[in-house]
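Listed after this line are the structures, all set down as structure tokens.
Next, two complexes with chain A in common: one pairs it with chain B, the other with chain C.
After this line comes the complex of A and B, so read on.
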């Protein structure tokens, strides 16, 4: 207890020195946490996007489908099996899909597309498709009228940059067009008047009505009400071809998918591909989406479904994305490693300075009879206290930023956003809320501090009283 | 001393001894291939009805079609069964291929990217149908021996692609029936010498006055359990058909 008291007094004896040392640790913790949070948050949002808009957390597939995702590796969507799966406490709903590829054509333009046959009602519940329907579109005529209307000049200038852009929510549009929250009450009615876009969702009563991605609509130059021709190969190499009508246009967050997706009612897709009663996957809608709960559910289901069916979690389905993120993560780790190196030298520098400053003091203490062991103990406690001070303040300081960044993610606009979208990413950079990574960053910083402690202890044991008193 | 002249004479004599019987009894490899090729596609025009069965490890299905052709350059094929595929037509004009599908009312020219895809899901690629290389001019031929295929005596002939020839294969090995000049079996190898596919012809029958194989099997080497079987139901040679018959207009109306 005496040691602690001594250490406590020691660190506040020279406040400036203590603050400098603590500050170097504070910045280390703060930057490492914020950087990591942005990095992990970006991955997390990409996973969320792809899971929520597309793959779901767990799917039931034919066992060969994951290796060879072709229509021939599909399964019979047997109601009894579905009932069995639905009986799991964590499964809210089972949503069958039929997925394949086709060549989409309109006029002389063609594009290879993904065709997704879905159950309109169930899919809406699962992935909130209706929310993705385009509500505003900045067509040439809309821009023309908007420029003549009474809206801020800044917005008018931005209109050209976002020509032909489609929006499924007002939020994104307001950001792109630089409309502030105060102005929105005045500007939004004008936008609604000129740039509103009418759309319809899939319906069982109009089997030939399909939804297409806004990117695909732009590429093929087709709009609601136009005919879309699909050609491809059906189940067991039958020919699949048909004319469809664009009922609605959706905007998906992942531009890569947005450019090549066609949604149609499940039965329509089954007709097109000669795959009656079949499905390529059944997406499970979950009650609890915690990682642990998902894995537990997957394990329960594995014993429930029999071959040739297989249960796949989102990690298995998105193996490619996970690998890409892992590679990106590696480069992020290197950056963090460099950051730590800089930090470590910073901390060593201040410790070295402190030891040099207190050389005389230590020499004196030893000469009047203080045991070197006791001295080392006091210094260790001092440094731990400073380290703790730095780490805790770093964590506390990072929290508001991380939480704010999660609630209101950094959203890129303009050219930079375009660049992001060209890479197939949503142009936002959210943070990840505190998680185990907080612990790890703290541990690493504590390791750096302990190295510094070992260094100073060695120094203390090597004190030569005469020399240090001369200094 | 034997004069130089007499050596030459003797050499010539021995040469004659060696070559005379060969020339009298046997055709050269090139001649055999040419005769076989002429017999196979030497006709001016033809009409045929066939069924094609696509065999896969877990399933199989059949397609029925009628086909008209002229001079190897023009062909029109109409799918007649199953009901789902009925009415689709394919037109070949020289090196271009078009397809028409009544379900979408659309005429599509096959893009280069689709050339290596199977026709109607079979193991025959569109390239097989379109590409016209000459087995006589684009290959050098050598007799590798005699073997029997299905109990019939055959020449085994190796066709090695010439360096400048625009062909898909590195070399082919043909088994040609010695009496009928019909290829009963062929193995096709790529440039690296790997077997790509084996084709077999059997069930020789007299059709429209000619002895022809009515069952052709194509077995790709890489995919186990894959096979495409072509059965000729009816065939007519030298029918009256004009070049104008092979038109895009006719693709939509022919039944």
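After this line comes the complex of A and C, so read on.
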């Protein structure tokens, strides 16, 4: 305790030096944390995007499907097998899908699309499809009427920027149109009156009704109630063609998928592709979506299903995305590495100077009988305190920014947003809430400090009392 | 005079100054080098986009890019062409026929964009002919009575034209590369077997070899086993000028390899004449006019005049066709600035600390100088110069080392094999050849001097606040 007191007093004896050293550590920790938080948060949101709107956490597929995602690599959705899988404690539901490609045509325009046959109710529970139905659309007529209404001028100006944009949530629309929460009570009813969009979800009773992405609807220029023609190849090279009615339009966060997706009831898709009783994948909805729990579940399921079926986790299904993020992640880590390298030099420099400056003081202490071991202990505590001061203040300073960035993510607009969307990403940059990466920053700083400590302890044990008193 | 004194002061305490100089040098080196590596991937991407994929300026029928309709031609192509050529700075032009279609082999099929090209002109304007993989053929050079098509490696893999086989020759080649016979004997079970995809071959290797062996040898093994079905044919199906379905067999005359998976998987090239015969398109009709400029810097400057000269067609430069790429290129400049600023800010702490120490240590001396009449301005600038010297010596050393390392690595590049799959899907090469503009060194120098000035303010103020009488008395 005495040692601690001594160390505490020592570091405040030369306040300036302590503060500068702590400040350089603070600076590194703060920047590293904020940078990491944005980077990891962006990956996280991309994964969530893909997983929740599309792939799910675990799928059961034919073993060859992952390499050749074609209809012929499908499997019999055997009710008994499904029951077995459902009995796993972490599996909430098994949602079979039949997925293939087709050429969608309307009028003179055609587009290659992904056709997804889903169980309407189960899919709704898994990926919240109804939430994604378009609720507002800024059509030319809607914008015309809105401009005449008494909404704020700022919103009126923004309307042109988002012409023909479809929204599935009021939140996104409010952000785009610059509507503040205070104004929303006045403005939203006006928007509801002029820009509301009515459509319906898939239903078992209307088998020919399909949902299409808002991007696809814009490209093919078709709307709710219009006819959509699909042509393609069915199971084992039968020909597949049919007329469908657009029941609803959905907005998916990944624009690449939004531009080329058609959802239809599973049985309708099986009829279209002559694939009765078959599925290309069964998506499992999970109770616990923690990484560990998912891997454990996948391992349990692997022993349950037999060839030719295979259990795939989201990491396997999205291997390419993971590889891209990994490459990006490395570049971020190199940047932080450089930052820490610079800081390490700064810390060593300070420690070196401190040792030189206090040579006489140390010599004096040793000569009046202080054990070198005890002296080393005091100096160690001093440095740990300085390091902790920097780390803790860095963490505290980063917290408000990180939390705010998570609650209200940075949203890109204009060209930048378009670039994000071109790459199939939602144009936001959220932060990741404190996680193990916070711990790592602390560990790195502590390693730097420990090296400095080892260095100064060696110096202390080498003190030659006579020489240092003379200095 | 002040400058000389400052310079000498810097070297009075060598250890201390050297530590700061070293830390500045390391920080600047690491920053500049990391930027050069990052910058290279963008530079290489732009290079590929301009030299292999897009060229500088393209002219299309206004409808064509959205409709892809074979009838949306450039009417009176020769006139448009001569208008384009008449602009100063336009080096060469060529036309392209572009048709969407399906390429299929007996195994598989894939949607493609068929480019009907003028082979001779394209060879002058694009560098794609240099990208043909050795051993797979040539850029339309071999005489053949078939129609010929040039396709990308990615498409060739998708269509099972490329596969992996460990033939006796491949094994012999591996043996000559000094791959241990233990490893080769482990591969025994798969000799002669055919693997139709990269992944399947990888999976088999994972079964047979230890992770360590894979790390060491898998690239060489894959390269040796990489094999190409010679004389492979594929069938291209598309709509002719009257919207009737047509198609023909084409012999693969060569396979090109770029770093852009999308381009490799989508684009196939066919001599325009063959495509005309099949579609019934008339001689001299094209969908797109492509112009190459004397150099890339002219792109922005020439787009507007071209647009004015050819008002009835859509004129776009590569930056407009791929706005994301142009934006990343612009954005890089800002990233440089921010990143270097962060590093220098971190370095500033070290400099402030050292200078403060230097001032406090010299209290008596500074007091003496004031007492004998050195004015405050001179003391201030002396300290400021000391600080600038510290940062600039370190900065130049760092930039010098960075320049040398960039020059060294630029020869062979840095190969990030592990990430090639992900990066190439976006069109970026994983093999980086670090490069950086001279401009960047100037910006960095300015930033370094600024850092020196800013970090001297606090210590210099301390020095000015000294009371000469008290200062002289201190021990």
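Keep this in mind: the second predicted complex is superposed on the first by the 400 of 471 C-alpha atoms of A that agree within 3 Å, B and C clash if a C-alpha of one lies under 4 Å from a C-alpha of the other, contacts with A are read in each partner's own complex, and residues count from 1 in each chain.
Criterion: contacts are C-beta pairs under 8 Å (C-beta built on N, C-alpha and C of every residue); 3 or more make two chains touch, one makes a residue touch a chain.
Just so it is clear, the model here is predicted, and its values are computed rather than measured.
*Asks:* Residues of chain A touched: more by chain B or chain C?
*Replies:* C
*Asks:* Tell me which partner A:231 touches in the superposition: chain B (first), chain C (second), both or neither.
*Replies:* first
*Asks:* A:239 in the overlay: touching chain B, chain C, both, or neither? Say first, second, both or neither.
*Replies:* Only chain B; A:239 stays clear of chain C.
*Asks:* Of the partners chain B and chain C, which touch A:274 in the superposed model: first, second, both, neither?
*Replies:* Once the two structures are laid over each other on A, A:274 reaches chain B alone.
*Asks:* Once chain A of both complexes is superposed, is A:320 in touch with chain B (first), chain C (second), both, or neither?
*Replies:* second
*Asks:* I'd like to know which partner A:448 touches here: chain B for first, chain C for second, both or neither.
*Replies:* neither
*Asks:* Once the structures are superposed on A, label A:342 by its partner contacts, choosing first (chain B), second (chain C), both or neither.
*Replies:* So A:342 only meets chain C here.
*Asks:* In the overlaid three-chain picture, which partner chain does A:105 touch, first (chain B) or second (chain C), both, or neither?
*Replies:* In the superposition, A:105 contacts chain B only.
*Asks:* Which chain A residues contact chain B in one complex and chain C in the other?
*Replies:* Shared contact residues on chain A (touching chain B in one complex, chain C in the other): none at all.
*Asks:* Using the touch definition from the top, list the residues of chain A that touch chain B in their complex.
*Replies:* 72, 105, 229-231, 233, 236-239, 241-243, 274
*Asks:* For a test of understanding, state which residues of chain C touch chain A in their complex under the given definition.
*Replies:* These residues of chain C touch chain A: 15-16, 19-20, 22-23, 26-27, 30-31, 34, 38, 67, 111, 197, 199-200, 323-324, 327-328, 339, 342-343, 345-347, 349-350, 352-354, 356-357, 416, 418-419, 421-423, 425-426, 430.
*Asks:* Inside the complex, what are the residues of chain A that reach chain C?
*Replies:* 16-17, 20-21, 23-24, 27-28, 31, 67, 109, 112, 320-327, 330-331, 334-335, 338-339, 341-343, 345-346, 348-350, 352-353, 356-357, 415-416, 418-419, 422-423
*Asks:* Give every residue of chain B touching chain A within the complex, in rising order.
*Replies:* By the definition above, chain B touches chain A via 54, 56, 58-59, 61, 84-85, 88, 101, 103-106, 108, 118, 120-122.
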